[in-house]
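Both of the next two complexes hold chain A, though its partner changes from chain B to chain C.
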Partner chain A sequence: MSKRLFEAGLAVYGCAVIAFLILPIIVIIPMSFNAAPVFEVIPSQPSFSQYQRLFNSPEWLTVLWRSVEIAASAMVTSTIIGVLAALGTLRLGSRARSLFEAMLISPQIVPSVVIAASAYYVFALLGLIGSIAGIVIMHALIALPFVLILVQSRLQSINPDFAQASASLGAAPLQTFWLITMPQLRLALIGAAVLAFHVSFDEVVLSLFLSGARTKTLPVKLWDSIMFEVSPLLPAISALVILIPLLVIAPAIWLQRRSKANT
Partner chain B sequence: MKRSSLQTAALLLVPTLFVACFFMVPLIYAVGLSFGLPNFTAESYHHLVDSPVYRIVYLKTLKVALITTVTCLLLGYPTAYFVSRLHPRARATAVMLIALPFMLSVLVRNYVWMTMLQDTGVINRLLMNLGFTKEPVQLMYNQLGVTIAMVNMLVPYVIFPVLTSLMAIPPNLKVASASLGGNRLSTFLRVTLPLTATGTAAGALLTFIIALGFYITPAMLGGPREMMISSLIAFNVREVLNWPFAFSLATTLLGSTIVLYLAYRAVAPRGVVVKPI
Partner chain C sequence: MTRVVSPSTSKGLATRTKELASGQGRSSIGAGAGADVKVDRIEKRFGSHVAVQPTSFEVPAGKLVTLVGPSGSGKTTILKMIAGFEEPSGGCVLISGVDVTHIPAHKRNLGFVFQQYALFPHLTVAENVAYALKMRRVSRAEIRTRVSETLNLVRLDGLGERYPSQLSGGQQQRVAMARAIVFRPPLLLMDEPMSALDKRLRDEMQYEIRNLQQKLGITTIAVTHDQSEALVMSDVIVVLDRGAIEQSGPPQQVYKHPRSEFVATFLGESNILKGTVAFHEGKPWLAAGGVRRVPLVESDGFRDGDVVAYVVRPESITVASEKRDDAVTFVGRVVDTTFTGDAVRLRIDLGWSEPIVAKVLSRHGISLFQSGEEVAVSWSLADGTSIRC
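Moving on to the complex of A and B:
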């Protein structure tokens, strides 16, 4: 009896915690389809008006597009650098390797505000404050640990015999990489790239410090409108913020499926 | 051999330069400036120790981070235990649900909490409709609101390491304990709990590290009275441009993060992915 009571209690507790965790997602979607600016379980004035206003606002669309561009640039930068780092660190001895890894992963550990403050000072000296390039660089930096960890763990699970066979059959290292390693790495690469895109697209603190009035990213503009104005467009924008990384991932998954179907 | 190490160096050249130029050097420079580079002076640190305002902010930061971590453990451990005993299919769904909020923007999650916790928010309306209270309860612009939102974002950082260590326990250990006459409680206390101690410690340290550096949540849900160290750094950089002082604050935050992270690395499994907040 007490055993069943314990099981039931545990299940209720666990489900309640999980419900608490996903509460923000449950709440934001109905809010975005409601013309009334409060949360109601069933929207009292259901409409697409928020989305209509959003897509008729050149101001928000400019910022949205800028954020997509920044995230795409940061994604490409951090994926390339991350793959180089993953290939390089795995060739090192264990001590040198943990040293390099610690260095490359540290942007993930240091609080964003500390990174932002130190970058702000140096960027001010270099005249990079308010530049798109500055934001892309810093976003690529904080996305790098994700790429490194994902690509490294995939590389470690690849059988090295293939690469050795390729080399012994006379392929140059670069040829081996493109023809043998790369195809096996593809899924991890896609995952890493999507994650990097998401990290950049969602990043607030660094962008808040480093962007200028003309280079605001979507989160910075969201921040401004949350802190300084009451804009009922927010739920719609928030729902889009969830959707866009999903739109980035969808073609990747489709490509993956198609290439699997071909082989 | 020589050619191979040349290749390794070539592979690592760009990543190293990138991280050095845009991360290491600015950070070291900031620490240097906090000590009055090019001279050496600890003036800004004296300022920091002497001022009662900053002591209050430090204590508040520690307090909020501690309360958050303990709450996350209380919510996260039983949940991980529950999830670990689910059928594999249901477990995969539960893990997906727990990871789902990471897809949602940090700003949006805080914004949702703002709309729910405000005086006219859903929680206060519910409390008043059910007759628990006549006046709306103050749920935000105070420590309570900050803690609720922080806990909401940090519980997964406890659940995942604990779940990993729970799943690593061989099931026959529990059978062995039962067959030796251990009841459920003693099996939990003497088998499960010790074997998940490192996972739990890792989760707690990770939660505490991230909580110390929180900036967005205190700014949005705390209001001006609930400043944490990060808010103070941002204020000194963006509003008053007091660099040595901002950097001395940043150095203390950096120092405590590094120490805690070394402790975390000593207990944690490798390669845990943290999302910066």
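Moving on to the complex of A and C:
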């Protein structure tokens, strides 16, 4: 009896999570397929017209493309730095290592507003305000902790005998890295890169501080239009913001499935 | 990536590496290619902890030497220093007369078999075996023939396309062997190569590895904590304890004439009687508790009052129902008997501090002696070893 009650309670809890946390996100998708210039969960005039307008709007397309570029650059930057940092910290003694790790992970612990404010100050001195480079740097910074944690945990689970075995067979350290370590790191790397892309693609606070009129990212422009004009394009744009990272994640998941089936 | 040879000492080795890898004599895998190894006062300290005290030993070309000892005896550390995985705190390693102490592992050209095999999981068996040849820029066609030759040698033909995870433990062990010998290294190092196998497979692999090693003439240094493995496989065993060599020599010699109590108890089972030397009618005897006496070998040069541990192996002891005319004879009472399959283990009370253990082949012993029975225990003078403490 009590078990049944418990299960019923669990079901209610699960439904509540879906209703309050997941549905509000998904609701934006049907809303975007509406020709009527109002926000309706169930579209009264179902159509793709908002998407047509969006893809015919050079203004939005420029911003969308800029965001993709920034996210891709931040992804590459943070992945490279993160992998090197993970390799480096693992070689340190325990005390130095926790110090460096704390430092590298701090961008996710310090509130973004604080980071944004101090970045604003420093970038103002360097003349980086309103530049793409400035945004990429800061996005890479806040994506770094994710890359570091993912890559590091994978690296630690790789048997250290592999590197020694490779050396005993005549491989120089760099060869061992490319031939033995990298292939085993591949999935963690893809995961880290996808996450880094996503972190950058929907980042608002830092971009808000650092972007200029000509370097607005998609979330910043979205923010602006919510504040100043309620455009019927908004649901379509929001849906894209959800879908684009999914498009990046999907192949990663597919790869992961395939390699699991292999072993 | 080109092979860079910077220190002048590594030149000879690198040149030889190339010769060995270039595949002269392609039909037979490295016959007679064994190097002699000299380990000279090598030591390893971690801070104040001494893992290996200055240790020296030599391995003649083509021989199999086993470093045996309990965990913490430093045996694996020594092996890793020879391989170049650990930097020694002092001393040096010479392979074929070349000092390799400061040459990095990947330039030493040594085969290494890991305890857990360390097969690369993302590569097939054939790719694992081919790895060392690829590093040596051997041509594709030659890689193919050498890989299949080597897989054939370890009886894994036809499994080249599998991944390591699809193989049994015994097969993985063979892949590890194949990978370590395919490039014809002059020296093969093995770290507890059979500890991950079950007993039956282990017994089988001991003979197989030994055969392979002798067929290839490859100098081999193995590490094990399993004393029977060491006795079965080796030309020479080196018994280590707490970072230092206790004794080394051919297995029979070390087994028969242990020089310390540690060696006597670590290698096989031993009865140990401690006492002092007392002369009786001009001949040395062992007196324990002032009563019982065991005659000692005169030529050992004892002096009155020497403290001695007297060792006799359980299988050297003859148990009979009547007293015999042997050199050393006692009468005692059987405490208990244990059937171990091939033998019967008897514990016999001779009035010593502990009952003496005798091992008798089971066809003789199974029904002959019962606990509580009075028996005569004897052994020949030569079967007893005295260790001066």
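Brief remarks follow.
As a convention for this text, the second predicted complex is superposed on the first by the 235 of 263 C-alpha atoms of A that agree within 3 Å, B and C clash if a C-alpha of one lies under 4 Å from a C-alpha of the other, contacts with A are read in each partner's own complex, and residues count from 1 in each chain.
One rule holds for everything that comes next: a residue touches a chain if its C-beta (ideal position, glycine included) is under 8 Å from a C-beta of that chain, and two chains touch if they have at least 3 such contacts.
Because the structure is a prediction, the values reported are computed rather than measured.
In the model built by aligning both structures on chain A, chain B fits alongside chain C without clashing. Looking at the shared chain after the overlay, A:A165 reaches chain C, while chain B stays out of its contact range.
Look at A:Q184: by the touch rule set out above, it reaches chain C but stays clear of chain B.
Seen from the CA centre of chain A, the centres of chain B and chain C span an angle of about 100°, rounded to a multiple of 10. When chain B and chain C are set side by side, the one touching more residues of chain A is B. Of the two partner chains, neither chain B nor chain C is touched by A:L5. Contact with chain B, but none with chain C, is seen for A:Y121 once the two complexes are overlaid on the shared chain.
Once the two complexes are laid over each other on the shared chain, residue contacts for A:L174 go to chain C alone; chain B is not touched. By the touch criterion defined above, A:V199 lies against chain B but remains apart from chain C after alignment on the C-alpha atoms of chain A. Annotation: superposed on chain A, chain B and chain C show a minimal Cα-Cα gap of 7 Å. Common to the chain B-facing and chain C-facing surfaces of chain A are residues 173. Every residue of chain A that touches chain B in the complex is listed here, in rising order: 3, 6, 10-11, 13-15, 17-18, 20-25, 27-28, 31, 38-39, 81-82, 84-85, 87-89, 91-92, 100, 103-104, 106-122, 137-138, 140-142, 144-146, 149-150, 152-153, 173, 198-199, 202-205, 209, 219, 222-223, 226-227, 234, 238, 241-242, 245-246.
Chain A contributes residues 159, 161-162, 164-176, 179-180, 183-184, 262-263 to its touches with chain C in the complex. Those residues of chain C whose C-beta lies close enough to touch chain A in the complex are 1, 17, 83-85, 104-112, 114, 116, 118-122, 131-132, 135-136, 163, 165, 179-180, 183, 189.
Taken in their complex, chain B has these residues touching chain A: 4, 7-8, 11-12, 14-16, 18-19, 22-27, 29-30, 33, 75-76, 78-79, 81-83, 94, 97-98, 100-101, 103-109, 111-116, 120-122, 152, 155-156, 184, 209, 212-213, 215-216, 219-220, 230, 233-234, 237-238, 243, 246-247, 250, 253-254, 257-258, 261, 271, 273-277.
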